[in-house]
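For reference, the structures are reproduced in the following blocks.
The two complexes that follow have chain A in common; it is paired with chain B in the first and with chain C in the second.
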Partner chain A sequence: MPSMTLLGQSLVSGVLLGGLYGLVALGLSLSWGLLRLVNLAHFALAFLGAYLVYHLGTVWHVPPWWAVLLIAPLFFVFGVLQHAVFLYFRVTELTSLLATFGISVIIESALQWIWTADFRRFETHYASTSLKVGPIYVPVIELLACIAAAALAWVTWAWLRWTYVGKALRAAAEDPEIAVAFGINRRGLAFVLSGVCAAYAGVAGAFIALISTLAPSQIWTWLGVVFAVVIIGRLGNPLGALAAGVLIGAAESVAMATFSPAWAPVVSFSVLIVLLLWQPDWL
Partner chain B sequence: MTRITRPWRRRHVLAGMAGALSAGLASAGRAAPSGQPVRVGSTLSLTGPLAQTGIVHKIAGEIAVELINSRNGLLGRPVEWVLLDDQSKPEVTRSLYEKLITVDKVELITGPYATAPILSAMGVAQRYQKLFLQSSMGIPKHLTYEMAFPATPFGPEPNKSYPKVVLDAMAGTPTPPKSIAILTSKFPSAQFMAEGTRDVAKERGLNVALYLEYEFGTRDFGAIAARVKDANADFLWLGALGLDSNLLLEAMKKLDYTPKRHFHLYPAPGPLALSPDGDLALSSTFLEPAPPFTDRADVPQLAAMYKERATKANVPYAELDAQGAGMYSQWQLLEQAVNGAKSLDDKVLAQWLKKNGADTVFGKQRFDGAFNHGEPGQMVRQVQNKKWVVVWPTQFAPPGVKLIAP
Partner chain C sequence: MLLEARNLRIAYGDATAVWDASLEVAEGEIVSVIGPNGAGKTTLISAIAGLLRWNGGTLRLGGVDLARVPAHRVCAHGIALVPEGRRLFTRMSVEENLEIGCYVPAARAARDATLERVYGLFPILRQKREQMAGLLSGGQQQMVAIGRALMARPRLMLFDEPSLGLAPAIVDDMFDIVRRVREEGVAVLLVEQNVLKAMEIADRAYVLEQGRIVSSGVPSDLLQQSHIREAYLGV
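And then the complex of A and B:
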């Protein structure tokens, strides 16, 4: 039987990891839910952001928070351009899977070409820093990632709920034709949202660079768990994505502590299957 | 596709110049290889998750081909290495070996890197009855093809022999560990060794405080680190691949925990040696570029040439280690078999190797044991002053170097 300290520590680690899941899932959830585009390139973009943060930090000694300020606007522009291409080619929800898979492969190849397939690690002096709360240690970087995820999720939720733009976006997702009939500039808003999603990928990438090992092929290791998070959290629901991320992260971590680490990958899909069978009202 | 047809390059550093000079001296008085090249085909993981080690094999292989050609080639003919990228995928490896044999019509083949691609390629070699040499098959019992030979001395049962070496090293310290925590990736060769270590540890009366397996490619080690800390064993044995070691040590540091002694099976050597958390880490090896290994023929030259080229290729750890040496040994086996048997016939070459063994950078290797394996030669190395040095068995440690056990 695991000790209470072990359980508590695992729970804290899992919740913080879940924050990162939520952060990565945020842009994907918005894109899928409100633009009806399943953007697989979101993962590749997050890793491109991670590599840029790594490169700026290790080669030019740019602190990651400054790097994010540089990368997020660039990614916003990328997102806008990507959406323009999608519109031009009339990409639908289904074909977006194929198109964005292609973009992911291109980005993966570019990463491999520039930074090689070697594992990269962004070493910082604060990477191992933790806060001690009783017998529990709280890693600072993971905590910051979780706070950033919560802040972005809340701001996005508030934006969608209380602003005209947000309401228009939700209306356009709900019924595009009626929304347009009511004077909503659906196309323009979609460009903005696509840019925002890409910028969120850049932010997530910064934390991936600080927390994880980087290798181009790692893009695909996030896919399964983040998809589960997006579906459990409901498409287009930023707070749902965060909550689902925390749920999955905590469940994975507790499974690692009580059973075996080998069970962790099973957890996300088990939770998803259970919830799909149960079909609670909020899902 | 990389065709190594013009292997001569300028040397820019002293070490490389020394290598070229000795190669030149070695070839003096011999006829340069001439005629139609002997085409030797193989694949390596030049892209994909195994690429970081694939590049090590490629550099060592290129050096080997260059040196073979600087001598007399194979039967007086130059060697052309037809190298394809298997993308770290076993299914691609299988198709490419088919292509090498049936389309490219190579005369000989050598094996790829890593257990899964090796198993795929071996099936093809067996179907076409080709001699099959490999250097990184971590589970010898799967090497069931009679014309498959290992170029690295794992021995027939490394899961039994190597844990004894590691635990002997620990037992030889002033305060031998009483408990052990075993944590392993589910990567087949790591899991295989972890199970063996658990069995040997139990036989020796060590308390196995923790035995855990985690998925290959695990992203987060927070909860695993918490379990290792909770077990607080005297000795941590980690069946790690790549950067798992760094990630786990970092995760433990976040919990304010440093394992007393820690062994890492197949870590990324550079990142672990250079990390502050990697100080005094232990790992497995067969050879390091230091005495007494540098007393062996070819090792100083190979080490110097490797260092020069690995530095140029931006390989994070530019020192020769067991991986590069294994690939070089693979070509040594091929050269000695072909020139010894005076034949390119695969069956004749296999018989010659079985009968004569080969002199390699790992010393004399024999293939008369189970699964064509000879005596095991796995050792223990340790990070000391940011560099790997052999510490066990003591006769292979450089002068003045000892195992440091806190």
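And then the complex of A and C:
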């Protein structure tokens, strides 16, 4: 049995890592829930963002915060163009899996070609700073990632909940035909949402660059966990994605501390299966 | 004339559902279209609502050629649909459903006033405004569907089988509401299987059979025709 300090420390680390899961899950959940497109390329795009932040930071000494401001609009345009291609080829929920798998492989190859398959680490002074609360260390950068995830999830939730555009997006997700009959320009809104999702991938990518080690193949390691997070959080529900991310992150981290690090990958899908079987009211 | 359909032909791919339909609705008029299952009634109303493109003929609303109007702008021209089976946004609240009705800018500007009017017409909806629309009873869901269409401040409301799936006691209420909608100056085009009710309420009616308008006129005259009495009333 690990000490209380170790448990507490792993819980804090897990919650913070979970925030990053939630941040990555956010764009995927929105695109799946509201556009009915399962965007596997979201992970590849996040890593493209991470590499760009890394490159801008190490080669041109652009601080990561400025890099995000550059990358987010760029990715928004990418998302809009991607949606135009999807519309042209009449991509559906099922074929989107295949199409975005292809895009992922292309982006992965591009990353490998430009930055090689070597592991890269973006060394910044933020990365090594920690707050000490009692016996527990709180890494500042991960705390910032978690705060950014919470802020973005809340803003997105409020946008969907209270604005006409948000309501229109939810209505169009449930019954596109009737939504159009009431004047909702579903195609136009889908472009905007696709752009927003891609921009979110860029933001997530910046934090991935600051927190973890980069390698092109890492794209696929995030896939399983984040998929579980998206489903537990319910499709198209930003706050759900965040909460599910934190839940999975904490569960993984505590499992690693109490059993062995090898158990971490089992946790996310175990939690998913248990929740799907149990179907509690609050889910 | 508010709505003018001339020789409409509507097909799903190779399958033609409406061969030749011409009809008119004047301002403030209630017009019924009756016909058996599969005659093309829903197809006709879907085309007028902008959900379907037609393959031949013309469709005009207040003189505007609707062929030039993209689907999501039809509502702004003054047409609102109460669809068959209600088709509410079940995971959204009652009030959110009503707000989708006034998504169009002109209607949105009048949101508060129209919402009051809808709640005045259906007081129960005010009590249930925060509830998920999918959890309401059938009659209440029909009220939301009608309210949603009213929120668009339409000139013409299309009702597609409004009595379908409702308890008999509620069906009468539903037709009363159609009358009240007209009293507010909105024209009504009604598609119904409940022939007697549809005839009772209408100023004029059309009979649609196998994709063609076979007969039209004042309900009392139509009900005298032996074909209609045999086919629809069984007498």
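Here is the rule we go by: the second predicted complex is superposed on the first by the 280 of 283 C-alpha atoms of A that agree within 3 Å, B and C clash if a C-alpha of one lies under 4 Å from a C-alpha of the other, contacts with A are read in each partner's own complex, and residues count from 1 in each chain.
Everything that follows uses one rule, which is that a residue touches a chain if its C-beta (ideal position, glycine included) is under 8 Å from a C-beta of that chain, and two chains touch if they have at least 3 such contacts.
Note that the coordinates shown come from a computational prediction; the quantities given were computed from them, not determined experimentally.
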Clash or fit, chain B versus chain C on superposed chain A: fit
Dominant contact partner of chain A by residue count, chain C or chain B: B
Partner chain in contact with A:68 - chain B first, chain C second, else both or neither: neither
Chain B versus chain C as contact partner of A:48, first or second or both or neither: neither
Partner chain in contact with A:112 - chain B first, chain C second, else both or neither: first
Chain B versus chain C as contact partner of A:164, first or second or both or neither: second
Arrangement angle, chain B at one end, chain C at the other, chain A at the vertex (C-alpha, nearest 10°): 150
Touching partner for A:179 - first (chain B), second (chain C), both, neither: second
Partner chain in contact with A:35 - chain B first, chain C second, else both or neither: neither
Smallest separation of CA atoms, chain C relative to chain B, angstrom: 37
Chain B-facing residues of chain A, complex: 2-3, 5-6, 9-10, 13-14, 16-17, 112, 116-119, 121, 123, 127-130, 132, 137, 139, 142, 211-213, 215, 217-218, 221-222, 252-254, 256-257, 260-262, 264-265
Chain C residues touching chain A - in the complex, by the definition given at the top: 49-51, 71-76, 80-81, 83, 87, 89-92, 96, 99-101, 103-104, 108, 148, 152
Chain C partner contacts - residues on chain A that touch it in the complex: 164, 167-168, 170-171, 174-175, 177-186
Contact footprint of chain A on chain B as seen in their complex: 47-49, 51-52, 55, 88, 186, 212-215, 217-220, 222-224, 226-227, 229-230, 242-243, 246-247, 250, 253-256, 268, 271, 275, 277, 314-316
